[in-house]
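In what comes next, chain A is part of two complexes: it sits with chain B in the first one and with chain C in the second one.
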Partner chain A sequence: MNSFGTLFVKELVEAWRDKKLVWLPVVMCILAILQPISLYYMPQIMNKAGNLPPGTEIKIPVPTGEEVLAGTLSQFGVLGIAIVVLSVMGSIAAERNSGVLSLIMVRRVSPLQYIGSKWAAQAVMLLASFAASYLLACYYTALLFNQVAWTRILASLGIYSLWILFAMTITLGAGTLLRKSGGIAGISLAFIAALSLCSSLFPRFMKWSPSNAQSQAAKLLTEGAGSASLPVMLVSAAVLIAVIFFAAVACFKRYETYS
Partner chain B sequence: MLLEVEQLTKSYKNHTVVNGLTLGIEPNHCVALLGPNGAGKTTTLQMLAGLLKPTSGRIAFMDQLMEQHSIGYLPQYPSFFRWMTAREFLQFAGRLSRMPRSELADKSEEMLHFVGLKDAAGKRIGGFSGGMKQRLGLAQALLHDPKLLILDEPVSALDPSGRLDVLEMMKELKRSRTIVYSTHVLHDAEQVCDDIVMMKEGRALWSGPLDALKESHQDETFILSTSESLEGWIGTRDYVASFSLLSPSNAEIRLAHSDDRNRLLAECIDSGMTIKRFEEKSPSLEDVYREVIGA
Partner chain C sequence: MEMSMLWPIIVPLVGLELVLMIVALVSLVKEENPNGPKWLWALVIIFVSIFGPVAYFAFGKRQERDRR
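Right after this comes the complex of A and B.
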């Protein structure tokens, strides 16, 4: 096995021993099924806890399964991305601060192999957790509302995965710049929030922004097709992920010292 | 020469840590870097290990292959993954060094045995003491049979018995490898190393074989002890540059020239004295260190 493979396996074993492989999918699943369940019980909840005068009749239109799933994704847009950032932020900084990085790099591991193994291992874990939780949400939606077409589920899953990868790559990149995980999380979340904000403030000029993956995925679910700017967004997200990744590798190469 | 260092310099924004260091390291020699704290020892070792880029200067390995895989490095405070066991870490390190799988299993057991961690091989590193981490650090540095071992303060963090163990290991290792290590325990350096590099403020003040270092600081001092009293008699010899009486019949004498030693002995015998001891006093490494560093 080459160094990339060794480091990749080490990341997965580490996540298993840290129980990250347990809490990450569990937290994501809870987050995902919250939407269909709470929407389903909304009338009862309003009735019991709404403090409405007796006799008030509430009529909430029953959402379609597609709308419920779109709602699930928008839940992910806030909390899910925070989980992504928090789970990735320390992966480089911790090894750097403890000094174990110097024992790795003295064995002539290239920065590309090191960052690449981190990226790949985190991507596998995050995307697998996300896919599992999303499919669970689809299952509940099918039980409580109606079955959503598989093509729409898979297409929205794919597009949204790109946004998760983007957030993860940003965090990994910030991880090569800073040594404190608080700062890494702060910078990453600020950048992601700024991008989302700009996209909603200047939709005309921000068609390329990867943050549009959220609205594109929702549109795909409810309408069956994304808007016209979807290809532009897909290409720019892929390019940005690659650019940030190689910038992180370049930044890592410029380290004066690994401890 | 196994490796040559030329005008090696490392400077940060406002200070220079290593300043124009030039060294040559012979194969199968054990070289000790000595010097006060802040002399640039760790920085030099990190540059030799390829972990730190020099600001200027050159580190040339005579054998290009050697540069790739044949360095074993032990940092001053080795740190590992807390969740791994000692055995797992060695396997991980060995794979990163591209050791063949078949060889790796045997080799890591052998190393665990060598450093005395056989019983702790299956335990999590998170529960290791400082001494055990130091031993594991040595094991991972030796794992891939490097030609050059770079050890940063290998004994400073150890208890007396651990220190003895590691020194014994180093004595055994230096038969087939080049070892470069830093220390500020002079006694340990004297026991193990062949060559000495004394550093201060990023410069090498002295470098060369330990014997030559001591010889160059040999200053014609002798110890003479006799049955009779030396008081009075010794002061009348005009070739004695200075002397001090340790007891009436025991004197430490510094001579003006080395030829005078026989003259002193001859006159002792002529005066009918019984010589109990006559010996050239060789300086300890500590004496030389003080003189060179100026501490």
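Right after this comes the complex of A and C.
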């Protein structure tokens, strides 16, 4: 096996030891199924917790399955991304601070292989957890509301995965710049939040922004087709992920020698 | 709302939360050098649902052990 494969397997083994392979999917699944469940019970919750005078009638229109899934995705946009950042932030910094990194780098491992193996292993874990939790949410939605068409589910899953990959790449990139995992998480969350804010403030100029993946995925679910800027967004997200990835590799060359 | 609908919906959710809590607690017991007092982490894991265990996994392990 070449060193990329070895590092990739090592990354997964380590995730198992840290129990990340357990908590990441479990947390994502909880987040994903909370939305359909809480929407389903919303009338009861309002009745129980609302302190409303007796006799008040609340009529909430029952959302469609598509709307429920779109709500699940927007729930992911806030908490899910925070969890992505938390799970990726330490991956380089911890190895560097414990000295494992220098042990790895004295072998013939290029920065590209090292960062690439990290990226691939984290991507596999995050996307698998996300897909599992999303499918679980779909199952609940079908159970409690109505079945959503598979093409819509898969399309929104694919587009949303791009946003998760983007957030992950940002965090990995920040990991090559800073030493402390808290700082890494802060920088990446700030960057992601700024990008989302800009694209909601200036939608005309930010059509390319990868954060639009969220609204595009929701649109695909509810209307069956994304808006016109979807191809632009897909291309720019892919390009940005690649650019950040190679910038991270370049930064890492310096980072690794810095002591 | 029929009660028969309630169980298949709520049980998996509670089950997942329990799995998360137990995995976090087992990992905490085994951890030799947690980042902060163990009893405090145990309280956080048990009483802060979902985010307690996540916070422990993200910050509770001393990842920066050898920092000077």
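To be clear about the criterion, the second predicted complex is superposed on the first by the 255 of 259 C-alpha atoms of A that agree within 3 Å, B and C clash if a C-alpha of one lies under 4 Å from a C-alpha of the other, contacts with A are read in each partner's own complex, and residues count from 1 in each chain.
Keep in mind that, in the parts below, a residue touches a chain if its C-beta (ideal position, glycine included) is under 8 Å from a C-beta of that chain, and two chains touch if they have at least 3 such contacts.
Every value quoted in this text rests on a predicted model; they were computed, and no experiment measured them.
In the superposition on chain A, contact of A:Ser102 is made with chain B only, not with chain C.
In the superposition on chain A, no contact is made by A:Thr169 with either chain B or chain C.
Contacts of A:Val26 after superposition: chain C is touched, whereas chain B is not reached. By the document's definition of touching, neither partner reaches A:Ser129: not chain B, not chain C.
In the superposition on chain A, A:Ser209 contacts neither chain B nor chain C. With both structures placed on the common chain, the touch criterion links A:Thr141 to neither chain B nor chain C. In the superposition on chain A, A:Asp18 makes contact with both chain B and chain C. Set side by side, chain B and chain C differ in how many residues of chain A they touch, and the one touching more is C. Using the contact criterion defined above for the overlaid structures, shared-chain residue A:Ser156 touches neither chain B nor chain C, since it reaches no partner. When the two complexes are laid over each other on chain A, chain A has residues 18, 98-99 in contact with both chain B and chain C. On the chain B side of its complex with chain A, the touching residues are 46, 49-53, 68-69, 71, 73, 75, 77-81, 83, 92-93, 95-98, 140. Interface residues of chain C facing chain A in the complex, by the touch rule stated above, are 1, 8-10, 12-13, 16-17, 19-20, 23-24, 27, 50, 53-54, 57-58, 61, 63-67.
Residues 1-3, 6-7, 10, 14, 17-18, 98-100, 102-109, 256-259 of chain A are the ones touching chain B in the complex. Contact residues of chain A toward chain C in the complex are 18-20, 22-23, 26-27, 29-31, 33-34, 37, 40, 44, 83, 86-87, 89-90, 93-94, 97-99, 140, 143-144, 180-181.
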